[in-house]
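Input: one structure, supplied below.
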């Protein structure tokens, strides 16, 4: 139970560390009969790839995915799908600067305390490269969801003080801007800000959001397996995320009930969506832990990259206070590359809830088996 | 997997609905040899009891807990502990006003969509009374944690615009103020504000926080079972919570790395705590999903009680738009009674992580078995 | 994870010990919309009740079940179903004879070793009374299976040397013979044999079988979650069972492949069952861990009741060799009362596998959600 | 939850099918600090390798294992261990003979019924090659158990009518005889018998046993997670196993209690083993689902290889009755190669139970954390 598995029916297990031979994921419980090739997965991995711009690290990572099992004649068979990405560009540099000390904001100290030692090369298992497996599995979850009419879309909402203007929302921009913002103007401002910060040997945080559209009402379970509870866990399991909001999130705590309740209404006949709808969506599409048919909205607050080029006070394994200056290549911001991780974790969580939901009612069982 | 179970080793399963015969919880995996009687649990249940003041509902709920199994001669035996609270004051009023319609902000619509119908008496399973089982189990988790030197303490941070001043932090006040605020002055202001809101037939939201002190470093697992990820799920599984923050939470997204990193330092010899410490605690005691030995801090944003006495627009099961006016007794604010639920969910999560941590290292195994 | 939970989707958690206040079970994940009252469950509990004949213990146990939650207007709601049986006739006798010593064949020694002490009254958690929760939950599983066209039927195959003749198979006899044999002649012989053994202050073992009919092909999962693997665990989790066979079981190990393979054939049109069938059923209805549409057959070998009235050599907690003579009321055979436990565990296992199977194929998902 | 995961704390997920690119396993929850290289694992894989004698298939399978993650400087780090074996000799032969028809005794029909189609090359996921992942993980479990003083040893007990004589038990012989029997004379007789059967184009079944020595008392959990229940599931999850016995197994059903109970006794001082012991071990080292400190003994009955060279009656996917003659290379008996799989599954199950046991008592927690 060391923590590398996610999901109950659509269940993924990721493996691999920053400087190991490879990283990957095993997906067990993928429904049989889904058309699947590497071409379905690679574009998602490419979205988390660094080296594509000034604001992401200059490392060259090929990250070509290989399907090792679970498909036959282009279809999933119901057997576990094993996906692997070989590590090709992990330079075997000298890690003596960090091997014996604890970088502020990183998991160096906590891993040492838990396991007695750690793989200090590039952060080992706590590296962002661990998310390769999540994204590869997320690509498959997104494909299945797409076939069921459910769309998942994540993007950068803000970087430091620069916010995307949602009035300018442009879905295409997410994939084309270097910041993964859905607003080209904000992207430009954000890039300028990041350039500045980089020059100051510093890093910035930001906010990312994810929308789920087309999800039917009734998904999620009461009490501990609420859809929003699982989304919160999914999202906080992404390194560097320090807060999660559902719908209007933090804002609800200073509202009155009369302001915050979403009135139900009936959509005029002839529309494609569910007949019952809501006049507003403060709830973010979830009531009592169960989807209400409206758009799901989640928000993740991401801390600034802890690796900065300024000298920092810290301690070493021998218990001495020291000053370190971190070398290597680091993104001045985590958000743009994490957006596809957020999209993946959201898709994995929503899909699993949909699969679990299929046996919630006696009439569903009877329809299936009789 | 309908969602009523929490935890891997210390595993609880809650049951019961607002107007059923009883509510309760089964705790499986409680270590043997813990002294336990009803007197350990009742005070926690009393903290979530309504009717103690003007600002909570005037219902009389006795909520006396009974231990049905799992102890012998005052000690836990390792067998499941079954705890039950009989429902005694659920008035069998006329529910025809809500049986056929969907109250805004409640789970009426989503339960109907998921299950085909619902137990509409007092919210059924989605009622706040479901938390009785969580709190009863949480009391036991807190007792075990106490024996291991770990203290969990939750309180109200703000109600609507009124914030507790942490400079006045007074742990005793939490149990004695009607708002569960750790600041008597803020409590007074908050009570005035709530009285006003109540007169306006409205309700308010608020913020609650929980601190964990004395937790050793090394608790929590990487990747998907991060301690903060599990805390986020635990907390968002509490009805009405719409956002969770760890440590400085949302604030990190507008910070620079140089501001947000917590420098490690060495505590002078002779102190009781771990020798390695941090100069600041923006991280809230968790790095890479694993506790760092510092104080854990989590924050939950709670929406206003959705039941308000004003007329509201909604729809009925027949698909007609209607106006409803909700009767019955309702708290104008959820937070003060939810504080002990937050404390309970935090304790359950932290304890389970501590139990899982015991087998993380070969040297621990060898010490245990050789 | 102390072991009191069974199932993934239809998940039960039992609680209670021999001499506690009550015993019970919480069923989470029961599909909504099933008609359910105590009258569906009580007949199953009555089948495991002692005191109905010479060959079972003379204790009077009322064992009246009470539904505490999870139904509304006679239907399951999807919320956890809590079932309880109060202990009414557990005589508070003097246990000083066994409190400090280890009865041969019982779990006294192993519980003491694991937990440091034990509830020695009537066996505590290791008592056969623990199965009350299993049987109460099994009754619900059987009712659901019945609605899906699946019948589960367990019976006593042999007691000591006396075997039921399957050529005389009479389903009604199972419920009416005191041995739960499906053969009245064998029942008579078995009763005589048991009477004899009882006089000799001894006890006997036996064999019980369970058939599942009407189960569609395709149920069960490959590798570790094979249907037969889960059945084996389910059955060996019943106290006193020491061996499990699927289909022809042990007999296959001395067969040739040409004798053991079941030829497939086509059933003539017009028949109700699946078109593909097998000429023989050595496999017991399971191939590769997945049901083949044929009758499932499992067999459990049960040891003689370890409590006998003869003096026995053993040791006490102080590490001294002693001789004990066990007092109290004990069945000279476990099998007749365990038959309904076997039926329950089989039903629980098969139902859970059917629920899990619903999401195995993309076309099922598309049919469900589009 | 498609079934490829085993274990709660020491949790493995296998992947790969007979003719895929590779097969492997991810082990999550392996304690940190275990010395581990491929050399620890390869000998176990070599034991399940075919082509070493007349009685196993003549395929050449290299089956070289590669550690892809989870170790650093020769030690496990606590991160998931990913192990892979590339498929190198899976000849791409013409499968048109079996693609459209259902081989008797195989999972062809049931996979088609479950998933709608199947990977028919060499049995796909239901192939015995799936056990590569189990054995690779089992090697690690055995290494850890060895460090805790626990030895696991499996062997062939009988092939068809030929039984190993346990009076001649020779542990070395297991690894050196082609039948994996611990008795060289029986091995010779068995080989002659197999040669004969092979000439008759037939196959034979057999029995294998596994002993666990050095396991402390107290391992396993009551009720559903009994050690023997989990062993039964582990063993019945091995393809072709149709029955499992614990200790004296089936024999207990015709015994008297006075014959079957194992008397406790005190071992004379000075001996290394636990002071309390048993005069006999009919129970096979498990009482009430918990280990009693004595030797664990389990037995598995294996059916004859279903692939035989004789013509067999069956049906095809079009629903026609046909006769098939299976081509290719097949072992006339499964047992000798399955022995190491039995050993692996036993080790995985026992180790997981030991890890879970560490948090069973308050005094253990206090010793660990205070």
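Quick notes
Order of writing sets the labels: A, B, C and D. Residues in every chain begin at 1.
Keep in mind that, in the parts below, a residue touches a chain if its C-beta (ideal position, glycine included) is under 8 Å from a C-beta of that chain, and two chains touch if they have at least 3 such contacts.
Everything numeric here is computed off the predicted structure, so don't read it as measured data.
Between the chain pairs B-D and A-D, more C-beta pairs are in contact across A-D.
Using the mean of the Cα atoms as each chain's centre, the chain most removed from chain B is D.
Each chain gets one centre point, the mean of its Cα atoms, and the points for chain A and chain D are 38 Å apart.
One simple way to say how far apart two chains are is to compare their mean CA positions; for chain C and chain D this gives 26 Å. Inter-chain centre distance (chain B to chain D, centres taken as mean C-alpha positions): 45 Å. Residues of chain A found to touch two or more other chains are 1-5, 8-9, 14, 29, 32-33, 78-79, 111, 114-116, 125, 216, 222, 356, 360-361, 363. Residue ranges on chain D touching chain C, taken from their complex, read 1-6, 8, 14, 102, 104-107, 109-111, 113-116, 125-126, 130, 158, 160-161, 197, 202-207, 216-226, 228-237, 239, 242-250, 252-266, 275-276, 279, 283-284, 286-293, 301-308, 310, 312-315, 319-321, 356-357, 360-361, 363.
On chain B, the positions that touch chain D within their shared complex are 8-9, 29, 31-34, 76, 78-79, 144, 147-149, 216, 222, 354-356, 358-366, 368-370.
Interface residues of chain B facing chain C in the complex, by the touch rule stated above, are 1-5, 8-9, 11, 13-17, 20-24, 26, 28-30, 32-33, 66-70, 72, 75, 77-82, 84, 111, 114-119, 121, 124-125.
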